[in-house]
Each structure stands twice: as structure tokens, then as C-alpha cells.
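What follows is a structure written as C-alpha cells; I'll ask about it next.
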Amino acid sequence: MPPAHPFDDDKLKEECGVFGVVGVTDAANFVALGLHALQHRGQEAGGIVTYAPDHGFNSARRFGYVRDNFTNQSVMDTLPGEIGIGHVRYSTAGSKGNTQLRDVQPFFGEFSMGGAAIAHNGNITNAAALRRELIERGSIFQSSSDSECIIHLMARSLQRDIPERMKDALRRVEGAFSVVAMTRTKLIGVRDPLGVRPLVLGKVADGWALSSETCALDIIGAEFVREIEPGEMVVITEAGVTSHRPFNARKPRFCIFEHVYFSRPDSVQGGRSVYETRRQIGVELAREAPVDADLVCPVPDSGTPAAIGFSQESGIPYAMGIIRNQYMGRTFIEPTEQIRNMGVRLKLNVNRALIAGKRVILVDDSVVRGTTSRKIKEMILDAGAKEVHFRIASPPTAWPCFYGVDTPEREKLLASHMSEEEMRQHLAVDSLRFISLDGLYRAVGEAEGRNNAEPQYCDACFSGEYPVAPSDMIERGFQVKTAAE
Amino acid sequence: MPPAHPFDDDKLKEECGVFGVVGVTDAANFVALGLHALQHRGQEAGGIVTYAPDHGFNSARRFGYVRDNFTNQSVMDTLPGEIGIGHVRYSTAGSKGNTQLRDVQPFFGEFSMGGAAIAHNGNITNAAALRRELIERGSIFQSSSDSECIIHLMARSLQRDIPERMKDALRRVEGAFSVVAMTRTKLIGVRDPLGVRPLVLGKVADGWALSSETCALDIIGAEFVREIEPGEMVVITEAGVTSHRPFNARKPRFCIFEHVYFSRPDSVQGGRSVYETRRQIGVELAREAPVDADLVCPVPDSGTPAAIGFSQESGIPYAMGIIRNQYMGRTFIEPTEQIRNMGVRLKLNVNRALIAGKRVILVDDSVVRGTTSRKIKEMILDAGAKEVHFRIASPPTAWPCFYGVDTPEREKLLASHMSEEEMRQHLAVDSLRFISLDGLYRAVGEAEGRNNAEPQYCDACFSGEYPVAPSDMIERGFQVKTAAE
Amino acid sequence: MPPAHPFDDDKLKEECGVFGVVGVTDAANFVALGLHALQHRGQEAGGIVTYAPDHGFNSARRFGYVRDNFTNQSVMDTLPGEIGIGHVRYSTAGSKGNTQLRDVQPFFGEFSMGGAAIAHNGNITNAAALRRELIERGSIFQSSSDSECIIHLMARSLQRDIPERMKDALRRVEGAFSVVAMTRTKLIGVRDPLGVRPLVLGKVADGWALSSETCALDIIGAEFVREIEPGEMVVITEAGVTSHRPFNARKPRFCIFEHVYFSRPDSVQGGRSVYETRRQIGVELAREAPVDADLVCPVPDSGTPAAIGFSQESGIPYAMGIIRNQYMGRTFIEPTEQIRNMGVRLKLNVNRALIAGKRVILVDDSVVRGTTSRKIKEMILDAGAKEVHFRIASPPTAWPCFYGVDTPEREKLLASHMSEEEMRQHLAVDSLRFISLDGLYRAVGEAEGRNNAEPQYCDACFSGEYPVAPSDMIERGFQVKTAAE
Amino acid sequence: MPPAHPFDDDKLKEECGVFGVVGVTDAANFVALGLHALQHRGQEAGGIVTYAPDHGFNSARRFGYVRDNFTNQSVMDTLPGEIGIGHVRYSTAGSKGNTQLRDVQPFFGEFSMGGAAIAHNGNITNAAALRRELIERGSIFQSSSDSECIIHLMARSLQRDIPERMKDALRRVEGAFSVVAMTRTKLIGVRDPLGVRPLVLGKVADGWALSSETCALDIIGAEFVREIEPGEMVVITEAGVTSHRPFNARKPRFCIFEHVYFSRPDSVQGGRSVYETRRQIGVELAREAPVDADLVCPVPDSGTPAAIGFSQESGIPYAMGIIRNQYMGRTFIEPTEQIRNMGVRLKLNVNRALIAGKRVILVDDSVVRGTTSRKIKEMILDAGAKEVHFRIASPPTAWPCFYGVDTPEREKLLASHMSEEEMRQHLAVDSLRFISLDGLYRAVGEAEGRNNAEPQYCDACFSGEYPVAPSDMIERGFQVKTAAE
């Protein structure tokens, strides 16, 4: 299966997207479209569950792209009904690199008052402890996914209806989560008290939709209504939406990396255009770290909006110095050792005629391991560039995420053990500058920058300040940041 | 199989790419990489032939992408040897929409002095007549491809070696062709006398490569040496390159649409950067057809360089007003009629927050049937744009191509029966302007514009002036342009 | 997937075969071979679970034949370890005709003291009631299979080790079952108190094997040790076999249809050669229902041993009057209506030259719906037979089985509403005779015939006397036999 | 793909079956059924060609079983028309073990007077010389199959219609062949002058059928009309059958091995029931080579009719001492070395309870390499047999066949270098006897045995007397039998 982004292996990866709909004919078709629009949030596998009075609950779970699995009439015919939810995933905490189909969400459980299905974006930080407790009491887990804890907690709740059981269950769960769930008649959406992961509500004809991002409302022609609020649970039937507050109130801290990289540029998060935010990051970068050069080139495709902003602020012309191959895919067999940077060449090619003899500013969204940045720099120099200047649209990524994002171990993050100048030397470029944390906050609309006493976003990957203690990880030996760090 | 370009169904399509290599270990791996870089020239199928002294000639021909077929060790192991050629194709004249594997090139023939394989980019305009003659003499055709004529003409030639037989055969052939062929020891490249289709020569380690475009030399780390000249045949062995001139000399007329759309922006054709030419088209367009507006947005991805040029010349900010879905693919089942423009939404989404309330210039590479332009305009208006202005980076496409490009029948071309103003009304946009033919010639470096007495390029799709009479088509009733038209 | 028997659609079908092994290198390879030898007991799907200290529990579950799924090195490499169990299935009570992969056994559960996997041949007659109770208590079922109840009962047991939890669970279960299970170190086998379904123990090198039939011991070169006794549980480690008696003692009643049809002729059940028993049924039939004729022909392949016995006792020559096509498979498209008996012709052909003008005795194992018998009779007459006499190697099948065999609803069984003479008229043959119930008992070695007061076998399908009340079925409205019937 | 016969690797294999039909609706469905019935003559691949006025000639060629490829509505829909031919093949002289789809028949050629397709059972003994000549003249071969020569000879014929061109072509061909061919309106059948390979004519409704064997007439409900005579060509239209005699008359010599093994037992060849001939071989064997024993057991399945005959003549009881696994297939991974005779165990199991302590006569159809016979003997002894006596239903196979049968090289044939007694010692059995050549001739109805001056059949595999000189093979160094041998 081809990765969609040329450097998927050197990026942080969102682990999931969720989508649900109620009150529309052939709900599964809507869910398939919604998941297709959310494919960038998870390419490994996808699943859909629907319910129809005469057919009960039905599900289909498949590895691979939504477009390859859920466009087939014979598959879609097995998913009748006017209510349905779906999930795309990259990989969960449970089974990195060895996912089995039984790990693919949504999960389903039959309770004495009827069935429910649930799909989850985020990560449960006390899942190991919960799992031990549940097994001790006689629950049989079918997957290695932490999200399955929620359904077992619900099965054991003493409450009488499913929304109440879900509240009961989620109060035991720590971490970051946006949940979309369904019963036979109700579509349910919940965001954790900090609102780390996104979830939005839309209106489509006589029905309603829930989605990780607004771009998936657009594809089904739904109107954006509002975000589900941090700590809110909505229960939606054809009659309308009711709002619940199952958790103690906390100050929200939305994931700032959704703005930097995860969300699609045509989505709106927290009332802000993601594209415009990224362009603004480029503007801030040009102010913070100007450099004299001939061309501003994005590293395709995610560096493009920031590169446009950088060009506009600096007045240096914007140009496509690196061309992406549209047909990326599996690994070719290397013909000989003479071809250096094979992996990169399959995905990108330098526009030699443009680059030769020029001083080039490359704008990229982030540096994780640094392996890709190094290869790109070499390609640019091979093509005859006179100078190479990296400008990075996020602060140095120095800490792993435990809230639903796939990050390398801390020691593999270049910024965990190198200063900006050490990284510049490591990459052997003429200059390397990251946007400052305050600059990033300004770009997302916080004119005063970061409020260090009470930060407005979750920025643990940059700051090491974790708003929810990663308790399972601490149990396994992870060292959280000390005051000294 | 997913199309690579969002509007493949409303574009002219190049029908083929060819690649060959000699004098390298495991030639097939190089050919696979070269074809991968040429995938935009043909996505339907691909084939590779190699020769090794102990294994003879071997071939593999498959439907689908190069990356999906020729990355498999077990397939590549069947293709040993230090010489090989390959082909990617969209569809040939013989069997539109119903290709069989036996129609996939390269074609192979066993002659009394040994075997030869041949791959062809272009179209033979007298193929039907040649085929009739060959069958009458007892040749058995295995495919419906016109290119097979060449191998049968070679089989019946009285010449004693294969290059001479190929000259003999190609002298009987009319039309546009760039041919890459191989014997047990020789790699052969030929361009037709007008040089309509491209072909370039590269040096890779101790060996040589032939390719439709320079971007495929880049991917294998080969150095660009020169173009094969119109009317030239090169015969390459490990010892070196010899040049032959089998045809009567004519004034060359390279296909101008290679600059507009077919070639990859990172290729160099006729000594000019394709990217830079396209950017320059945008500059010319901004001069010829300025308009007051807030944003210049490309129709992704092919309109991008011209949009950058338009923005730079006009000073109006460049912006990504339309976002492309990276995971395009098969057709989804439409959920309900309410979702208009379904096909477009799967591929593109308007960046609503950016577009709302703005006057937008959309830059696209061409208008063929006009169906896509119409849908894009509707999406832009639905998102709240105040005005929509189309600027097209090629003149009106009013005539079909018979030289290796897949074009609709003449009456389906919007420009065949509408003036620019009629098209504007048909598309219902605030303004619509195509670049002039002279403006296009200026952008490709002809400062004086088109030499109407003796045009410098083949521009039949715009002008209706066919440099080689399409004799099979005339026999079937096609009306060539009269003086009056 | 091709059915193995030409008339699978008009036969009673065994629903499962189980196999397990401990103490051998690469246990999965042994399990695959054992399941291959038991394929006749279930063709729909198969599964294998193994355990290795460094790799934990692993499983592979697939639709289709063992030979197609478990011969692949890459699959078998995922199943390391010296202990393993496996299962082949036709279909379970839960999901006739709509099996999903999650319904395929073995089932696995993680308990607080470690994991266990379990595979089951038979049927639980109180599964619906157990399932309701378990869901009420908070168990989440992952399959629609009744066998999953066992693993949930085990999860909730208060006992401290897995064999004790299994005893606890099985004491709640009613019905017929032969269970093979495994922990990290123990292979466990259990037969229900009546011993309805078979289970045998074998010795292979330094290890041990459990199997539904002895033919699967032969294929792995194991030595047959003994049968697991009705009501016995064996717990096997590399150290040896220990025997337990978890149930109250009852008089055994082995399934007599295992002798008639289910078991392979080269197996030994209850100390008797299945082949020899079937030959003996033919001898008894020839004594009970002689007829003057020219040829004795088996309906291939299951009627063959009884036909040999009939021929030997009657002195009428044995002949292959019906030839089976070795390449049976999917359904062909019927060319025209003129071809009657299409389905049968694909599988069988009458040996016309042999049959024409002859009086033919056809020996078949059973009559279920009678549809196939009718078609065969027509083919024989079409080929010119003078007379057709059916002799059936089992008594009339008048009652459904609820102990792990797939039977049509009672009203679809020809013998449920027709006498022998009515069936003869329905089939329109010259004579039709079934072996008597006493004759069948004599053939299996009960010289005195059936002990009606205390029958030696389960023969509910013939007699309607169910040794375990089918309580779920009674709840759904099934009428058990009354004294009058 | 599972082989149909348990010891395909130690049997002579028929290489092809042909079938054709004209004058019926949806001819392809009839062809598919006919090929299914002929599947035993070739399991590697199959092909069908049809013609319909509005759709022209269409073909489908696939690897694998007919039942898996030609039962699919979407495939069959591509084959419209009332005339069609088909072919199943094992492998041809051209490409043993490395067949490509382009080698799969029928072959098709477009001539100036229209197209023709041709399918061929047999072998052309002067194919190499013909091919050289045709390439020299400019023919391009698309396959490595010798049968393709026929279509090229036809393409170069000066005759005006296709049947005449076919006569012209076949007069240049040496060897054994039964050809089925078609034009747009004519179904054509030809047998070589010796009639080595079979071909029969049937009537089906208003149309006609040609087939290698009568069993394929039975499956489509066709009536057997007559055999095509050796040296005869029939041209069939809806109007009727006309007979031609294109060759000089010769005395026929039908392949005697069709009676021994190749043909299905329910076919009639040369007016004789194949089943009855095989039973009669058993009778002759019992007379020629009696032995005192307890049981007569066939080696399944091909030894069965001869074993029945042997039992009936000798009075020794017939029994199924060896049980065949119905689910043979791919190769399993061997668990350990302890399991000897792995390959055999997957396919066969000895009926231990029956065999133990007995003196057993095993009846098999032939001994080729002897490898299988040796393994079977070991299994029988392992099961406790007291004595093992082999009786073989054909004379020693000492010479390769060059007329369309796949035989090992001469030195690999056990009988090429061992006497009967040496073979007995090699197999280490108590006795081993082959039927005599005269005994075999008696069983096929020649009361006087073989006429050595002018043999009635082709028996080259036993006698080394080749009725057509294998000229290509002699050129490659094969030594034909000398008078002394």
C-alpha cells in the first residue's frame, strides 16, 4: 500500500480519524466518503458499522485505503441502515507494526439492553492497568487495542442505558480521546475534558454527522454546525442533539500539532483555517529567521502553505524546486549502489534547471529523525544549488506524544539531544532555523504568545509538559521532564 | 487503478513512455525505475523485455502501475541481463478501452538472424493500410496494436541485420514515433523526421540509457547527454553510440503540448525547463489577459507553475484555494442526489475559509470538454467566492491529435464549436481567457511568436494544421481543415 | 471451493474435526497435517493456535481447505512452538451460511493466570440460555458461535488453574462435545459423558496427539494409544497423561452415524474398522433385502464399502456403473434447458456401455431429502438400465441431529413423512430398501441388535430418541417425539 | 493447483483434450462443460474461442481448472456466439514446466478471407524444421508451441478458403494430431492418417459437437454419432457434415495407452467401453499371473477396474486396502524427518485394520519410474501386510512417447534398463508381474493378440516401434530401436 506522504517514515503520524452519521438513507455510503476525506489521519485500515432494524448491526473491517475497500457495491450492500460510524487508523499502542484485523475499529459489544459500536481517536494512558483489572474480573479481550477497554467497562456498568454506561466507562479512562459511538438509534460523540483531539458536528439534509475534521463534512455536502466542546458528550437522534457534561470541567488544551501538520489544510480547527495558520507560520518564520536567498521552495506537500507565507513576507520568489512523483509506492529493487538516495528519488525529483546556481530556502513542516532532511539537502546540492537554508514550520520535536500520535522513542528524536546549531551541523546546511514556540502560538492567533503558566494548547512534543500523566508509560520506565530540564 | 491526475477524464492524455538501457548490471531494475518516472505518460499497463546470453529474451507485461508490478523480486528475477527496454501505455489506437495483455508493448519478434524487441511512443497514421497488406502476404498479427506492423515489416525485410531491417520498416511508416528497440547486444533509438515525440540519451556508469524524458534519467542517476535528433537513429552498444539518418531531412516540429501538459515539470525538452516554460505561460497570460482580483489559485496539480507565473507578473497573491485529496481512486457509491459534483469532491475540496468573499482567478492548463471546469466553478461559488475568472495556459483545443495522444472526437471538444465568449457563457464565469497561440510560442522561447508560414512546432490540436496527413483517419471520413476554416 | 463429496447438498454433514499435539518441534506442521486428514469433517474453514515461550500465543484462521491455507511457509512461520491445536469446521449453530472469520475456532481467552485456546466438535444444546446469562453479567461475545460460551464460563470461574476452570465451565454445558484445548504447557482433551463425538489419543515421537479420528494419527506417523473415554478429561504435558473424571458417570452412547458416513473408512472407531463395518452393513442388507439383478453398483464414493459387501454376500458382480468426475467444483452456467440433471452430470457420469440393458442394484449410504437419489435414478434409466433397485446402508433418516451435525429441518427429511413404500413410489424405482435399525446394530457388532430399553448408541436421527434434551430447540418450538410416535 | 491423480508425478500424462460445438445458443457454455469432462487430459491451462457476427472472434485463456475459470458469468459473457472450440492442456513440447499464457491454445489467425482458430491434441514430430523454415520466410511466432506452425502454414497457403488452407498446412505436418478448428461459420475436425489420438462426433439438439472422448458428449446431453476416421477431415456447418480425405490412406494405429490409462473409464473408444477393457485386462492378468493371496486391492483410482477383473477371475476378494484423500493439494511443510513417505501419506492412507496380517495383491495401471510403487509397498508393509504382490495392467513402459504424451527421458523409465525380475528386486516385493503385450491386445479385443508384422495399435511406449519417425528428436540425438533391441 503506497504511503500518501513522501516521507511518512520520517513524520509524526496521526493515528486515527472517526466519522459517524444518523438520519440519512444508506448511511454507510456517507461514512465511506467521510473516511475517505479523513484518510490522511490513518492509512493502514478502516472499518464501518451500521444498524438497520431488519438486519441488525453489520460491520466491515479491512486493511488498506477506504477507496479500495468501501467502493464495492457488494461490500456496501452488507451495510444497510440510516445510522453508521467508521474509523481509519494508522496503528494503535497495542500492536505497532503487527496489526491484525481484529484490532481494527469500530469495536462492537452486545449488552443486555442492545448492542453498541464505538470508534476512538486518541490514546488511553491508563489502558494497561484497566486491562489487567478487567481480565481479573473475567472479561475476554479480542484485540490488543487499548480502545477495547471502553467497551468492556461499558459491559460491566450497572447503568441502565448505553449513554449512561458510556459516561460510566469514560470516567475511568485517562488520556486523550474523541469518541464516536452508536446504538440502534443514537449517534454519540464525546471529547475528553482537555479536548486534545478534534471532533466536529455537521448537519446533512435531515440528519447529522460527527467528524474529526470539517473537510469530511464538505465531501458529503454537510454544513458545519459547531465543534463538540472539550468534556462534552452529544447524543444525537433523528429528533435532535442533546448535550451532556459527564466530566469535571478543566481548561482545554487542543493539540497544536493538528494545526502544524495533522489536519488537512482545507479544514477549520478551533475556528481557524488550518491553511491560513500554516501560511501565517511562514510569515512568522520569515520575520524570526530571515535570510538572503534567490528562491523559497516547499518540501512537498506539507511545507507548501508555510513556504507561500515565507515568500510573501520576505519578497523572495516562491518556486517548485522539488517535484513530487504522483505514483509513489512500493519499494523498487535498487539497481546498484551508484544510485544514492534511492528512496527519496522514487518520491521526489529536484527541478535541476531551476535550482542550479541558486541560494535556496527549503520550508518543511517538522524535523523528526532528520534522515529525510539530510537526503533532500544532498539532492539539492547535487543539482547545483549554491546555498541551502532550512526553515522549519514547527519548534524542535523533542518529546514523544502519548495522546494518539505515533512518535519514535525519545532518543530517536534529533531535537532530544541536539541544539539547533548541532542539528545544522548534523544536516550540513548553510542555515537551519525552527519557528519559536511563541512564534507558533502567535501564528495560531495567540497575540501574546504562549502562556507558560497555563498553556493554551497541548504542546508536549515540543515542551515536554504533559497535561495528562502518561501513567502506563511511567510504569514502563518513561522519565517525565523534571523542573531542571 | 487510481488515476494520478484528478481530471484524467477531461484531459488530453499522452499515450506512451519508452525507456531503454544497455551496459548495466540488472538492466531490468533500471528500466523499472525509468518507467516509474515516466508513469504520467501512461498508467494503463507496462512491459519490460531483457536479454541475457544464458537466458535469452524474457518479458513481463502487466496491467497497472510500474510500482505495483515491477518491484517484486520474483518478477524481476525473471528478467536477467545487461540490456533491456520498457514501455508504459495509456491505450493505443487499436483497442481503446478494451486493451488486452497481448496489446501491451514491447513487441518481440524472432528473425532468422536473432530476436528483437521494440517499444513505440506515437501513432502510425497509415497503420490500417499496412496491416491489410501484411495479412494478405501471410503475417499473423497477435495484437490489435498498430505498432505491431513495425515488427512484421522487419520480419519481411530482405536486409541482413536488424538495424537495417528497422530502417527498411520505418521508411514504410507514416506518422509520429519515437522508437526504442533492442537486439541481443544493441540498444536502438529512432525519432520520426519531424521529431514530434521526444527521446533523449543519457550516460549511466559504463552504460547508456534512452528515455522519453530527462526526469527518468534523473531517477537512475544518469547524466543527460543530448536529445536524439528528429529523423535520427542511434545504435548503441557497450562500445558506444553510432548515429544514422535513415529518412529524408525535414524541418522539425516538436509537439508543443509536451511543454503545456504532457511532460513532467522537472524535465527539460528542447533545451528548455518545462517548469520554467509553464511559469512563463502564466506570465504571458497575466500580460495578455489581466483582471482585478484577490487571489490567484491553480487548479491542482497541473495549473500550478502557470499560476505562480501569473501571480508574480500580476502581483496578486498566490494561494491554494483548491486542495487535492491525495488518496483519489475508485468510484464511490453516491449516497444521495443531494451531493452534487460527487466525482469532483472525491478529488478536490475548496479551501472555504480562504475563498469566501473573494474574487478568484483560477489557472488551469487546458479546457477539453469543459465538464470539469464547470464543476470546479460551482464548487468555488458554493464556497462563497464573489467572482470567478478562468485563465487557461493553452489556446483553445479545437482539433484531435493523431500523433499518439488520446483526444475525444472533434465534436466533443468545446472549442471546436464555440468562441471564447460562448465558452465563458457556457461555463457561466465572470471571465474566461485562453493564452493566444503567439503568446504560447513566446513562452516557449520564440520571441517573434508563431511563424505561420513554417510553424516551429506541431500545434495541430490548436491550429488544425496537421504536419503529416492522417491517412487512415481520412479514409474513415475525417475532414481535415480547409483553407476557409 | 469445491465440495469433496458429489452430493454434499443432500447429505448430513459433520460439523467439525479437532486435532492437537504437544511435545514436538514445529507443532503447527503436525496440526496442519492432522486437520488435512480430518478435512472431510469440515470444509468451510480451519484454524490453528500455537504457543511458544518467546512468541506467546499465535493463531491463523482461514476460510477454505487446509491444503490451501496451511502449506504456505510464510503462514506457518507465524505459528511457532511445540504445542498447538486446530479445528476444521463446516458451520456452527450460530451462523449457518453466513460464517465470519471471527466464528472460526479455536477460540482464545486471556485469563489472569495465562491464556488458553479451545476447539470444539459437537453442539451445546443450552447455548442460548448460557449466552443470555453471560451477557447479562458483562461478557462481550466476539462471535456468533455457541462454543464461545465455554471460554467465557472459564473466564468467570473462581478456580485457580485452567484445567479446573475448564471442568467448572463444562459442568454448566449440556449437549455433545469433544473438546481439545491448550494452555502454555498443557494439551487437554475432554469428551462429554455420553461420548457422542469421537476423540482419540496417539503417541508421536516424544510427544502426544489428540484427534477426532485415527486416520489423522496415521498421517503424522503417530501410534494409536486409546480412545479418550466418555466423560473423561485428559491433561497432557511432555511429562505424560493424567486422567480426570469431571462429570457424573453415565452409560455411553456413541454416534452410530460416525460408522455409517461421517468417519473416514480407514479410521477405527470404538475398536472397529469403519470400512469393515460398512462392508458388513452391505452383507446385512443383502441378507435382509435380496433382489435378483445383474450388477451391484455403489453410488460413489461413500456407498462403495457397502456395495462390496452386498456383492460378496449376494454373489451378484460388483461394478463401477457410475463414474465420478475428479474435478468437481463451482457451478457452471447451464447452456440450455435441454440438459436435465445438470448439477449431477458435473459430478457423475453413468458408464453407459456397462449399464445398458442391465438390472442394477444401487447401494447408497443414506437418503436425506431424496433429491439426489431421484436424479441418479433418472441418469441410470436414461443410460438404458432395465431395472433400478436402491439399497440404503442406513435406516430412514427421520429426525434432525442436535449434537453437531448439520441436518435439514424435520419436514425436509423424506423419511419424516413417508413410509419406505411411499418413498419407493416417490423415487419411482423398482425397489427401495433401507437396512433395519437392528441390522445396523448387528453390523456394528451388536449381535443381538438394538437394546431398546437402553440403546448402545445415539441413533436419534433414526429413532427420534434424544439422549440429551435439546433445550434451546425446545424453547424455539421443536416437538420432541412422544410415546405414540 | 491440486493434481487430480495421486501419483501424477509418476504417470504418463496425456497432454491435451479438444472440444468444439456449432449450431447451439451460447456455445461457450457447452465448450466449458465439454472441457470440464476432459479435464483429466490436461490440468495446467484451458482456452475457449467463440465467434458471433456482431462481436467477432473472442477468446479467454487461463491457467488452472475449467471449473475455476469458465464458470464465471463475467468471463462467459465475453464469449458470445453459436460456434466455439476449446482446449485443455498439460504442457507442450515447446515449454515444459515454463508455460506462458501465450502458449495456451486455441491459436487464432486473421487471414485475408477471415479468421480461424485451431486447437490440437497430439505432437508434431517435424515442428522444429517447420518453424525454422517459417521464420526464414518472415513469420513471427508468438508462442513456443509447435502447434502454432499450423496457423502460419495456413497463413501462407495459396488456397482460397480456410478448409483448403488447412489441408495444405496439415499435409506438411508429421506426427500425431487430432485437430478441432473453426471459422466464422464452420467447425472443422481432422485426425492424422494413423488416427493415433481420438476424436468423436456428436449431435446436440440442432447442432454438432466434436470431442476427444465420448464422456464429454454425455455431459452436454449429446448423442454419440461416430468417430472421425483416421485421415478424415469433417467440415460441419448448421447445414450438416461433409467428409474429406486430405491424406494418402494408411493402416490406422490408435494409441493403445488410451485404453490402459488416458481415457476416462466411462468413455467408449474404438467401439469398446474403456471400463470393460480395463476390467478385461484384470481378467487376463489373473490368468497370466495368478498368485495365492487374501485380498485384491486397487491402487486408487486408476487400478480399480483391473482389480475388479482380477478379483472376479481369481475368486480372491476385492477390497479397498488403500484409501485416497479427497482433498489432495499443495505440498505441506514436512514436520520432521520421522515421517517417511510424506508425499504419499497426503494422498493415500492404508486401511490398517483390513491389511494387517494379510497377503495382498496390489493392481496398478503402470510402472513408470517406480518411485511411487516403492512407497506404496512400504506403506502396506508398515501396516502389517504379510506379503505384497504387484500386478500391473500394462506391459513394461520402456520407450518414450513422441505423439502428444509427456514421458520422462528413456533412461528414467525403470523398464528401459531392468528386466521384470530386476524390477521386482528393486521394488523388494514378493512378486511383480506385468501383463504381456499379447495379453493386452487380447483384452482390447484382438483374440489372436498382437500382429507383429502389422501391429493393430500404436504401442511404441512398450515396443519401441514408432509408426512415424520422430524426426526432430532424431536430429537432437534420440536413438531409435535397432533390429537387435
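Of note:
Note that the chains take the letters A, B, C and D in the order they are written out, and that residue 1 is the start of every chain.
The rule is simple: contacts are C-beta pairs under 8 Å (C-beta built on N, C-alpha and C of every residue); 3 or more make two chains touch, one makes a residue touch a chain.
This one's a predicted model, so the numbers in the text were calculated from it and none came from an experiment.
Chains making contact with chain B as well as with chain D: none in this assembly.
A straight line joining the Cα centres of chain A and chain B is 37 Å long. Distance between chain centres (mean CA atoms), chain A to chain C: 51 Å. The geometric centre of chain A is 63 Å away from that of chain D, both derived from CA atoms.
Shown for chain C are the residues in touch with two or more other chains, of which there are none.
Inter-chain contacts, as defined above, occur between A-B, A-C, B-D, C-D. Across the complex, chain D is touched by residues 2, 4-5, 24-26, 29-30, 32-33, 36-37, 39-40, 43, 65-68, 70-71, 73, 76, 205, 215, 218-221, 264-266, 268, 273, 275-276, 301, 304-305, 308, 312, 317-320, 323, 325-336, 338-340, 345-346, 349-354 of chain C. The touching residues of chain B, when paired with chain D in their complex, are 101-102, 109-112, 135-142, 151-152, 155-156.
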